[in-house]
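Report on the structure given below.
Letters are used for the chains, namely A, B, C and D, taken in the order the chains are written, and counting of residues starts over at 1 for each.
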């Protein structure tokens, strides 16, 4: 049995560990119990975004002495997901999840925020986007649910997946071993890897029929998960899975809920998630919610692939100067930050098979009001 | 006496006149009565945004035969303001305002949307940001109010100003004539010109004490207008002023209201403006408003100059790859589009002295519910 | 019989026609004899580069009165190719080619710069990249050679092709008529269209075996033309072909030569072309050539697809903030401008099947020294 | 007495230390003797370029065990200068300089490449661009010359300075202590810091009269150094100075020479430096030099502030989407890489008072031919 504690800390740069070490030094956070860290850095979120690996490396260097272990072992023991891109009003920050062992069953009558972690084996380059990746991800989701203590799929509200991408080097390696990877373009491989990971999540949670045909990845857009969030990074070769949900017998004062944004301006979905979390309209702020109990909001952003939004054309896909992912993170970030009154939301791009095309899942972690 | 008609039309590109000519050919819009056109184009909104002048030139070429006049005369008779930048979800579009003469006093009991236009003389390059520009703008606002039929300053809800900028060529010309312009950097001159124009509006409406010291421009941030919106462009040498407000004796079925966003995520201000316009919370969409009567929303977007937003750091001002103006337009556009359920809002950047630093005015044009 | 005259004029913006009209008003250029105009504009050279169509439209508006015809007819009678992107030191400019009829055979003993124009029929969206485009382009090259008076393929030194791209709208149209276009991504369609056009040129000039398999486009990189330069634009539906070479019986004081850059830093190839044009090393400028007789240099720029250059990694293909085409145009433009001492060179990107991967053709137009 | 060894190694990313550790493990480089490391990383070179500090931190982590010291001490003992931006063809790499003690005077008859290092005290924020920074830099240059064993100013061919910039935080600190810094804009402070540093170098070498008026910084462009290269970074508070020149009594097989580019396409200056270094025109490569003895080329790139280049307009200063520094690095990088046949040149931007406006110093390190 354990208690889940959630901390959101601001970062003054990709290597700013000030608030993390303060939490530890102040005794608020036992570093031995950190289960997962979700970070938004101010890189461009693309292939050449080195802030992701810089933050990862700095977290490892910082936490290794506290955990009395090596840098590599830190990254194995803690699920670290760094998502680049704080376009628009978004603010660089980290969300820390700690699993603190408790001896007795917590005295809470209702379910509480639960977290579980699992990882797949390393994938060979040609396995990216293929059945191997989909199925291993599904198995990892099941393992992470068990780790969290979550029994039913409907109690899962966010599945964060960190997945690998293909580099020129990895493509060469695959070919030398006689296997053709799904693409030779790094940027494209990020989309394939995220898409296969999302379908793995959907399969594990019974959201789509199994087995999933690997050709469905980035092709059959009717298949999607309502709670998956995948992020590709150059710094790993396997999939790491973080399941967030609610479970009986878990301690702490938070719950998590979710909704699915049907498009990039679906304020109604965000408001639904806020209401489900217990937030009430704030009389003074007009229709805005009282968001004082909100701990964090997690969301995916996606430019609608047909270039249209509520009957109007958007220009995100045709801009040679700003990538579509950066455009849409700024817009969805603006929407969410304005609805919750805080710019330190976790909004990440690349929502293939994560909600409907052009939309995406949104989850709210909130303190319970009792 | 006149009636104000407002049309919002989508544009498939900076030169797409399809919907404009359709309105004219269908008889819905008499081209002789077009008073003003506000356009959002998909350029970058910076110094090298040529979509602005491209759209202007195409409007002139398209309307000249209908008005039986020259290209240059079209631009003199119609106040055309083109603002570049549809970052994020924003959609390129035009808002047309027509003043149709009516013989008898309209049978409306309350005030209706009124529009008036005026222009200053051409400015010499060294007059940009100086008292000459501030005072001439103030005089033009008064003239435009009279043209609109608006008597009281509190009935003015939006003052769109189109103002000139300095180019290398104009800087040279100024120096040859023995005058030093306020800056030799084109991008900087856009900010100065917008700032002086906004203070001119504020002076005209009694929002700030007069006379305004020219050194206050881009320096004394306590001075601001709650309804000014200034946009700098290379294609003109004078200030063109469009006043939008409500007036007795004007026909039509729309009114305009406004609020002031205190920062870039001030959803409460947008909701306030929506409520003032008559929109009611939509039960089905949760806290979202029923926006079916909204004709258009006009807003300014500004990155807070101190780099902070609700206690969190934003990264807009330090990004070498995306200009701060593009960042913030995407964010504010995301907020407004999500609140009104439509991405074709007029959100423009560069809000110097237009609302508080980091915030900006927002106006809503809505059909009256009677 | 005709004489070829070449003019290079600077442009202060995409719509700056000052120097063009000055040439005409001064009597230096008879507008009736303009055969082709090659322009470099300061747009981004991508899908959303509207400077291309803006310059085209402005040229049409400007020249129509001189040619006493309509805007559309100007674009039909003159081959106008506008290439976006003056990254780095490159300077926006236009190169004008006039074919002035002459009664008697010119008194020149050797071949002179010749120019010929031809156009294909409009292509249906699904014909882009397919055999139809390749073969029609080849036929147009033959027609343009005949128009130029060039008999032998080896006398052709530059073939500029302007070709269409696919937009979302065109893709829909194709699908409605039951045909699947080669891609639904506009940016990708530009590459396909350029590649097919280049192979059409290569086929016409006997550089590669015929018939060309359409699957070779963007796939078999061993196939390439040493003189093709293709540029895709949204403003047309057919291919327009401009052949530049040397021919007997043509008047004028210029010749054209070419070389092939093997990669993006192949200064030796540029120097070879300069020497072939008659330029001699300039003793005072060290190894630099005396470039006083150079009228214009035309070149293609391409980021090597394997990410390597002379054994070193380049970063152009993985940059999310600046497109590879913009990177490489800046680099090749820097090389060429520095070798000829002039930044107004015509360097365009997108060199699929135009020279070897990562390289491209370079041609020099120079006044003969006799 | 010492011997100078120079190594240029490719980097596969900002944290790639493979070739560095290989040099050490192979015995080719004694880590205890590393004096300076100059790195080009693939960041954007602007305020938000975190690759600079990432590479610094990784170098410290990597070298600390070899030097049996702390991370901080590594950065104190070795002068590490990381310059962001490998636009165009430029390739990320590091240049390592080792000073190996030798017992006897080397048996070389002529001067050899010498290197010396020095550092100023930490500056207070308000001292940036002021006399304090200029004078302390000049003193550090003298100290570094002494350290190198260089007696005469004319034997100095490159002075690399790493200098601090102002952040919002440092600006606040200055104001709290009652001092107004020269600017509150981070990007602008980089230019001021580089300019003051360059004037400090010029003063030390007798290139300009002393004392230097602090108001001359970024104002009197007639003042410049022909050998200074300054790079601003967020990671330090003092100036670190690396002097490269030739000196008697120093061992090794390299020399260094320099020339001054008058503008961004001054190939003649680069060729002059190559010839001075002993390179001869390569008969086979036309006018290109035989560059087989070239070890490294160091250069500064600058967009000419008046927007003109050899009578033609450039567009670098007015581009809202790509910063001028990135544009010009790509162009100058293309020129230099093509002239030396290698894309791993050290080309850095921001050349205030480093060569004439729009130009910059270029130095060549070459193996002597004896």
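One rule holds for everything that comes next: contacts are C-beta pairs under 8 Å (C-beta built on N, C-alpha and C of every residue); 3 or more make two chains touch, one makes a residue touch a chain.
In this text the structure is predicted, and so the values were computed from the model without any measurement.
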Identity of the chain that, by mean CA position, is farthest from chain A: C
Pair with more cross-chain C-beta pairs in contact, given A-D and A-B: A-B
Approximate Å spacing (C-alpha centroids) for the pair chain A, chain B: 39
Chain A residues counted as touching two or more neighbouring chains: 12, 42, 44, 48, 315, 319, 321-322, 326
Chain contact topology (line, ring, star, complete or other): complete
Residues of chain C touching chain B in the complex: 12-15, 42-43, 48, 50-51, 53-54, 57-58, 61, 169, 321-322
Chain B-touching residues of chain D, taken from the complex the two chains share: 44-49, 168, 186-187, 306-307, 315, 317-321, 323, 326
Touch list for chain C against partner chain D, complex: 10, 12, 42, 44, 86-93, 264-268, 270-272, 275, 281, 285-289, 309-310, 312-316, 319, 321-322, 326-328, 330-335, 337-339, 341-344
